[in-house]
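Here come two complexes built around chain A, the first alongside chain B, the second alongside chain C.
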Partner chain A sequence: MASVSTPNGFDLDTSGQRIVVDPICRIEGHLRIEVNVDENNVIRNAVSTGNMWRGLEVILQGRDPRDAWAFTERICGVCTGVHALQSVRAVEDALKIDIPANANHIRNLMMLAQFTQDHIVHFYHLHALDWVDVVSALSADPKATSDLQQSISPWPNSSPGYFSNVQNKLRRFVESGQLGIFANAYWGSPAYKLPPEANLMATTHYLEALDFQKEIVKIHTIFGGRNPHPNWVVGGMPCSINVDDTGAVGAVNMVWLNMVKDIIEQSIAFTDQVYLPDLKAIASFYKDWGAIGGGLSGKNVMSYGEFPAYANNYTNESWMLPQGAILNGDLGTVHDVDVRDPDQVQEFVAHSWYQYSDENVGLHPWDGVTEPKFELGPNTKGTKTNIENIDEGGKYSWLKAPRWRGNAMEVGPLARYLVAYARGREDIQAQVNGLLEELSLPITALFSTLGRTAARGLEASWAAHKMRDVYGELMDNLKRGDTATANMDKFDPSTWEADVKGVGFGEAPRGSLGHWVHIKDTKIKNYQCVVPTTWNASPRDPAGNIGAYEAALLGTPMANPEQPLEILRTIHSFDPCVACSTHVMSNDGRELSTVKVR
Partner chain B sequence: MSTATHNVADGDPGAYDTLILGIGNVLWADEGFGIRAVEALHARYSFPDNVRVIDGGTQGIFLLPWVRDAKRLLIFDAVDFDLPPATLKLIRGDDVPRFMGAKKMSMHQTGFQEVLSSADLAGDLPEELALIGVQPELLDDYGGSLRDSVRKMVPAAIALALDVLKEWGVHATVRDSALRSNDLVGPGELGIRDYEDGRPTHGGDAR
Partner chain C sequence: MPAHETFYDVMRRHGITRRSFLKFCSLTAAGLGLAPEFAGRIAHALETKPRTPVIWLHGLECTCCTESFIRSGNPLASDVILSMISLDYDDTLMAAAGHQAEEILQQTVEKYDGQYILACEGNPPLNEDGMYCIQAGKPYVEKLRYMADHCKAIIAWGSCASWGCVQAAHPNPTRATPIHKVILDKPIVKVPGCPPIAEVMTGVITYMIAFDQLPPLDRQGRPKMFYGQRLHDKCYRRPHFDAGQFVEKFDDEGARKGYCLYKIGCKGPTTYNACSTVEWNGGLSWPVKSGHGCLGCAEENFWDKGSFYSPVSNLNVTGNVEATANQIGGTLAGAAAIGVAAHAAATVIQKATAKKPRASKEMSNG
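Let's turn to the complex of A and B:
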């Protein structure tokens, strides 16, 4: 079987040379990609393997549902807050707890800050080096870099002397022989297209983004009382607010609220004057990537919706970014997504290292089963502890295969933006149309690796501006005398019904995230998380539909299979984070950062 | 359960020069060593205002702001030294990033080596680095706690830490009262006693 067509419309050919990239993430995550290329080095088959297991569902069984948020926070090395939020939402849904308006505003502020921070970190620290050649930056003319910077942005750090200083610092770092964080790249590859000045400008902002991170996390510290693991509580937010200096000691006071306001303004300035101008400048040299890496994005995308304008209202009249599903690229029809409907979100395990009694059917997460079963397909090359080539005909990933009404879906900033655009949201349409016009690109260029990276940048700016609005609403509500931040009426388990189910759903920076909980006799009976990377990095399902990563790699021409920069660009454009999808199962944790061509 | 915890002063990375950082995952048996060590250290001792004790959990790159503000960094972690289980080892200076990257057992170590490298690039690598690592006995007991062999090394790890801190001129004071929930190093929900007591006696052990 060398060639096959999948039900979701992709042609796979496994006859060519096999290439393995493991691991794929620059900083976080454990993900392995295998592809087959044809005689012209074009990718004709792609296989995405999450090679760790997380065990969270098992860990939570029998635990106190009010504690679940703290457990789910520990799953991921990047996004703690998003799991905590969906966890408390799930339990509040099950126990029919309404949260106060202030808690909703504060949660929105924390999540918007998370989106802004996460997207900035992704762009500069996880993805930029796929496009920016740090070594080339050493040969840039600081004066020309200054001219470039001043031509695209009013950002004040733009003098020739400033860029010269950064260049010297960078040179010392590179010449010390310890490339460290820059080690896993292919410097000097002809696939890098930026002139030295653009490389120096972007590398400089890599460093500025490191500094900016220090500021924006303070929003979590202020409202969550602690960083890097802020506090959450079922029923609201565990912080008290004191705007007139009459409240409790330790409450969030005006000094802190003013600091939040300052950080919001800094976030807006950084995204609008640094991130977006860089994105446009870099994109203008890589317009060909507006036609590469589309995969599912031009077909099936989904969003659960996020940022409720009104407390306890998780519908499109409240979501600032709407829910919806688009099928077969039909932007004229947006389907409603109902995470409670047993026929909509389902997970399959036919190609995953789990077992169901009937692996031809999918299970809705409320009925979900997480029972590991590690076995390799008959065509695997290598051994269980040293897999040379995986057999995608058998079980081949620690990720399940989530599907929406049987369809593989792409999730993430691009999916959210397509759904919002198709739903007629004017703020999103204005942003998208403006960018396409500036870059002279057609709307179809969105369905691509470039489109994914661009949508993330637009969303970072959108989120920073939304923080300003939400902050205003919070302050208005506080001034009206409402200082309630938590509803503890049903915190005591003696007030609970014996057998209840709930779901917490929304959007994490990487895409749709849901936590489904079943509470029986005050303890967790079943807990299932379906996380963004499980959607995107999904293996095949029993019908043979491939997932978003697998689809996005097909048709990509590689300049040199020994330097899989093209694979990294597309996979990184999804902002992969497999930490929350998986965890180490094998005792052999020895890590290889290698490319194997077979 | 902690329900009304808010203590900005403790969380604000403004005024400290010494960071005591536990990293690892409490959900995976001996992987939780680093967190349990700082939890125990913080429960028994208080430190001057220039010292922060934090539970870094599984965080990678988002610990960078913390690390950059520190002149002295003491890390507790479970490390694969290729030595017998529960062996405790103190690593100093330039060897710290090497050990954290040599044999990665866990997500956060991949991330943490990059954190040190990024801090270096930004010109903010702490002047003093120390890593107190333990060789884990078992990792894949999902929802489990420290094995007895590793748990027994926590006091020795704390003693080593106090020696390092003393060398750095940091004086630890034995607390005369128990910590309030607001002052815990991590969420009370994951404190070792609640974590161990809350584990179901049947059905939850995935080994």
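Let's turn to the complex of A and C:
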């Protein structure tokens, strides 16, 4: 079987040279990509393998649901806090706990800060080296770099001397012969298109962003005590507010609130004066990537919605970024997404290292089963512990295949922006139209690797500005005399009903995230997360639909198959987070009997 | 650690001629697309003072340790990476991928045998022949063992590498196993915490570079300078504990006045870490200061010690609370030390460069 068409409309051809990229670096977690290229080095088949499994959900069984946020927060330290938020939402949903308005504002501030920081780190530290040739920066003219910087942004770090200093630091580093994280890479490849000055500017901002990102997260430190992994609590937020009474130094006070305000203003300045100008400058040299890497983005995208303007209201009248699903590229029809509906979100395991009694069916998270089953397909090259080529005809990933009404979906910043655009959200439309106009690109250019990377940048700026609004609302509420941050009415397990289910859902930086919890006799009976990267990096399903990564790689021309730059560009445009995406659940603890604990 | 052997010295020791060494420098320069005169400068640097190579591996983990590391304010992570160490492999940050990335491991072993620091984030799972964590088609534990075999010393970043952490919580379905139970013949510095504090991480690594030795370790293998004291003993809320002033529930009157969080589950009395002194994110705050009890995340098996909202003991804290809390801390610390193999004393590192056969390839019971 060399050639096949998938139900979701992609042609796969496995006859050409097979290329393996493992590990995919500059991501969270462990991911493998295999592709087949034709005689012109164009990718004709793609296989995405999640390389790790930690089993957190089974670990949660039998525990206190109030503790679940801390466990699930450790699913991921890159998008730290996102799982904690959905976890407390799920438990609050199950126990019918309403949180105070201030807690909602503080959670929004923390998540908006997370989006801003996470997107900046992704762009500069996980993605930029796919587009920016660091070694080329050594031959830049600092004066010309200064002119370039000043022509695109009022950012003050722009003098020739400033760029000259960075260049000298870089030169000393390179001349040391110890290239560190820049060693053995793809410098000088014809796939790099930026002039030396743009490379120097971007490399300089790589370093600036590395220093600045740590400031944004101080919003977590103030309200949650630290970052990574700030603290949360079921019923609200653990930080009390005391702006005017004895003991204010032991709570959130004016000093800290002022600091939050400053961080917000700095974040707005950085995203608008550094990130977005860099994004546009770099994109202008890579416009061809506006027609590469589209995959599912022009077909099926989804968002659960995020940032509730009103406490305890998780609907489109409250979401600052709306929920919705678009199918077959029809932006005229946005479907409502209901995460409680057993027919909508389902997970399949026909090509995953798990087993169901009937692997042709999908299971809703509240009814799901996970029994690990590590088994390689018959056409695998290599051995069980030395895989040379994976067999995608068999089981081939630690990720399940989630589907929405049977459809493979793309999630993430681009999906959110497409849903918001199609829902008629004017703030998002203005941002998107403005960028397309500046770059002279058609709207179809959104459905691409470039579109994904651009949407993330726009969203970072949107999130930074939104923090300013939310901060204003928090202060307005405090002025009204409401300082409550937690509702402890049902914190005591003795007040709980015996058997309840809940779901926490929303958007993480990488896309749609849901936590489903079943609480029985005050303990966790069952816990399930369906995570952004599980949607995007999904393996094939029983019907043969390929996932978003696999689809996005198809049709991509490679300059040199020995150097996987093009694969990295498209995969990185999704910002993979694999620790998040591999998981386990069970509705009755059955998997324990299948896991050998030696 | 002994005085640095330069890269040039190492190559000569391996019987490589000066001519070959200069050729290597030329190839390095050419490979980077640099003018020929760079070769001379590279040669000069390698002959004089190389930065200590660091290989940073990731097993089962959540990358919070890396994220914490890049939050360091003093020194900045960018300065650590560019000027203090040579971070030659870190799959979260490195530019290369696939076989270009993995080649660096082999090159490091060849160039810097016995000279590099192995920084381990996360841990290896041992069930399913190690295939719950696959890297380049093979079990992660193989890569870990190979790179450990040739390293000078190991830093076990965070609670995953030090103790097992969340994936090793009951019932530990993948049999996730901390580094010291897999690697038995190398000095290991445990830097626990989920994650550790950024400045503690950069503090440990820069100490090792600046003082050319391992930091003094306690009986559990943790640097005494950061893990020698209980949070409780340095907690700014301690006077409220002593005065019997407690938060009874979140956001009550006591919470707004900064009272002690002991009754809502704070694990400070049994946790050894630097949070209450160094604090987090540039000394801005730490969990207790922002109103939530300590989770005890630097302690072994902290996930399996009951709810985070249960006090460390159910003893009635209205009597002699001081004695109670001290007893709790002292008892647990003593119990933890017993039966834990004593790890590298500071002097062990002196012997580490002499490569020893591995004591055993077998795992101890995870």
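Convention: the second predicted complex is superposed on the first by the 573 of 598 C-alpha atoms of A that agree within 3 Å, B and C clash if a C-alpha of one lies under 4 Å from a C-alpha of the other, contacts with A are read in each partner's own complex, and residues count from 1 in each chain.
Quick note on the criterion: contacts are C-beta pairs under 8 Å (C-beta built on N, C-alpha and C of every residue); 3 or more make two chains touch, one makes a residue touch a chain.
Computed from a prediction, not measured in an experiment: that's the story for all the values here.
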Checklist entry - chain B versus chain C on the shared chain A, clash or fit? => result clash
Checklist entry - What is the contact status of A:G161 with respect to chain B (first) and chain C (second): first, second, both, or neither? => result neither
Checklist entry - So, A:C239: does it touch chain B (first), chain C (second), both, or neither? => result both
Checklist entry - Does the superposition put A:K214 against chain B (first), chain C (second), both, or neither? => result both
Next on the checklist: For A:G424 in the superposed arrangement: first (chain B), second (chain C), both or neither?
Outcome noted: neither
Next on the checklist: Quick check for you: in the superposed arrangement, does A:R74 touch first (chain B), second (chain C), both or neither?
Outcome noted: both
Checklist entry - If you count the residues of chain A that each partner touches, which comes out higher, chain B or chain C? => result C
Checklist entry - So which chain C segment collides with chain B once the two are superposed: 3-11, 21-29, 39-47 or 57-65? => result 57-65
Checklist entry - Do any residues of chain A touch both chain B and chain C, and if so, which are they? => result 27-30, 52, 55-56, 58-59, 63-64, 66-67, 70-71, 74-78, 80, 121, 125, 169, 173, 178, 180-181, 207, 210-211, 213-214, 217-218, 221-222, 224-229, 231, 233, 238-240, 250-252, 486, 488, 491, 579, 584, 591
Checklist entry - Across the complex, what residues on chain A touch chain B? => result 27-30, 52, 55-56, 58-64, 66-67, 69-71, 73-78, 80, 121, 125, 169, 173, 178, 180-181, 207, 210-211, 213-214, 217-218, 221-222, 224-229, 231, 233, 238-240, 250-252, 256, 486, 488, 491, 523, 579, 583-585, 587, 589-591
Item to check | Touching residues on chain A, where the partner in the complex is chain C | outcome: 20-30, 32, 49, 51-56, 58-59, 63-64, 66-67, 70-71, 74-78, 80, 121, 125-126, 129, 134-136, 138, 169, 173-188, 207, 210-211, 213-214, 217-218, 220-233, 235-236, 238-242, 245-247, 249-252, 259, 372, 374, 382, 384-388, 398, 483-486, 488, 491, 563-564, 568, 579, 584, 591-592, 595-598
Checklist entry - What does chain C use to touch chain A in their complex? => result 7, 25, 28, 32-34, 38, 41-43, 45-46, 50-51, 53, 58, 60-68, 70-73, 76-78, 81-83, 85-88, 90-104, 107, 125-140, 142, 165-167, 169-176, 194-195, 197-198, 237, 249-252, 255-259, 275, 280-282, 284-292, 295, 297, 303, 307-309
Checklist entry - Can you list the residues on chain B that touch chain A in the complex? => result 1-8, 10-13, 25-28, 54-66, 68-69, 80, 103-108, 110-111, 114, 116-118, 120-123, 139-140, 142-143, 182, 186-187, 189-190, 194, 198-200, 203-204, 206
